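Which chain is which? They are A, B and C, in the order written, and residues in each are numbered from 1.
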């Protein structure tokens, strides 16, 4: 098994605040890696560093063995890295269908460069996530759970090799969470590698092959879900013990 | 060397007036998020108010200044309360367009009423000069500078020390916080814009004493105020003062060393450079 | 209305307009040329402001570069008009790329102010250039007959509108719209936002430059103030926005209607006309902020409540 993503010594400083502190890990091909940790641990920052939305202060990001640290966000998107945003970012004035079509048009190179084809492909992705009924609606008219589905569909339409999911289950009820878990499993079956940030413990436990735990920007545990979740440091992190400065 | 010193003195004196011109714009921009393209037109109205008080009633321009300020305050209050308040939550672009519309209305009304002739306000002491460390300082310019500084300081005091002033500052952060001061937001917004207009009126009065006026000076003055606001920074009155002085000195130096026709190139060139390199202004806090 | 029906109607309208110089009065033809040039400017703004979401207040720079390109080529070097236009276009393109790069990194009103600043700088620079005739300007060779200019301006409007139509249904246009709707999301989804923004800016510059060239040749006189007329910026924005920014025909409609209103009133007292124009702008921003196209679309189900709704949404 080779690593599709490798993060080495990644560090991000914001004006003196250390958001990510020399974190290293790798994500195997076709693996689902769960990224967990208390609020403010730096999980979204990590995804932003991998997707190119933020630049690291130190460290390396390797995608399929090659460094992508110098590449701007749009190039990483074309290479096959797609992400969802926790604070969702749809294209509000466009229809749901067209939102997804953007991904088909500009995602990984070599497919759907014609508007008509892109829309057809977008429709297929809407069916996949269960949004087909809303295809013609304006994106900003969707409710919470549907918006999350839209975020997912947009990312999938890019035909990524690596999918970075940022709390796609927040605010969903049991049934909806079940659906999302199934969709993510179906995505993995297509050969896509996935990094998932989640707070819904049960879901992420059942979904992930491995877990990575961050607290205050540091990696404090990595490994099989059962092991990781029974470690003292991990439990303490969630119960709110502050880190010594 | 002598000449350089004179130029610097001129620049500083002019800069004080510039700062006052930009102050009203910055206040309204910072608190209400309104980019007021009619700002220069309000300055123009202030100048005409002073002119008519001077020629019609024989008042000294510096005595007319408070009256001009009150008149402009009322106008500004009404404009905000009954026109701008209707669009204030729209995208900022809309306020750009609507203030432009107001600028057109004000300018052409002025042209109709006051005629397009150039006017000046020439008090009896207009020619008086005195020497300052080897430079000639015209009395009116020194007085204008003094008043400008005084008003800048007064604004700062008002915003820091009075209840209404603090309510206005709170509005810039958060409308809900402002409500805690117990002031109706519509009234508060109108007060702020009125205050900005009053400052414009004061600047106009002073401008009328040191330079010629006609109904069309509005847009150039708006442009200049923008440059000062951006170059200095929008956060504090003192930044605007610094921006004004900076621009005054730079323009004076440009006129001397490069040529008087290049002052606009330099002013607006610096504006663009500052926007590109440091949009929060030379002094503003880093984004 | 089906697209093909629109095309046929559009074609008929163009054909009809093309005949105006032969039966219209001199005043009508002159009005026509002005309106057509303004409509092209509104369309050019539509590309960068309407579709890409970057409200440029500096398109007057491209207009002026086009005018001066033609004037300098013809007056200083004796070159023919088309070469002059090509030079103007090249200048505009270079400007869009070189200055677009730093300025398009700014957002919203900062971008607007930066472009306004650039517009002012250009006037000041050109006023100092010997080759451009400094403050005095240049006088171009005279061409008799407005018909030629009418047809040129009409052709330019048609081309620019076709370009906008292509944008509205192409991958390129989709990128621009994505940038407008959510630039960060667009970048993450694979859109090279920098390149697309610059291309949009350059395209808008090209059309504005040709318009400026035609205008300069038509009025045979050019000076920095009129060539780089800063008020044109606000005019083209208002026309595009009130007609409907981000639509194909909105800017054209907005330009013709507002130009007509302006013209009719100017026949009376000039100041009154301008005052009325200003009031129209204020009223339109209050009651119809999303433009005429949106008004037409929504009036059907909302009726007069459309105006109320707009105020209610945006008031304090």
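Criterion: contacts are C-beta pairs under 8 Å (C-beta built on N, C-alpha and C of every residue); 3 or more make two chains touch, one makes a residue touch a chain.
In this text, all values refer to a predicted model and were calculated from it rather than measured experimentally.
Centroid distances from chain A, each centroid being the mean of CA atoms, peak for B.
Looking at contact counts per chain pair, the maximum sits at B-C.
Inter-chain centre distance (chain B to chain C, centres taken as mean C-alpha positions): 31 Å. Averaged C-alpha coordinates give centres for chain A and chain B that are 50 Å from one another.
With each centre defined as the average position of its C-alpha atoms, the distance from chain A to chain C rounds to 42 Å. Residues of chain C that touch chain B in their complex: 55, 102-103, 105-106, 108-110, 112-114, 116-118, 120-121, 123-125, 127-128, 135, 230-231, 234, 237-238, 241, 271-272, 274-275, 277-282, 285-286, 289, 311, 313-316. For chain B in complex with chain C, the residues that touch the partner chain are 35, 83, 85-90, 92-94, 96-98, 100-109, 111-112, 185-186, 189, 219, 223, 226-227, 230, 259, 261-265, 268-269, 271-272, 275-276, 279. Within the complex formed with chain A, the chain C residues making contact are 169-171, 174-175, 177-178, 180-182, 184-193. The touching residues of chain A, when paired with chain C in their complex, are 51-53, 72-75, 77-78, 82-83, 85, 89-94, 98, 101-103, 105-108, 113-115, 118, 154, 158.
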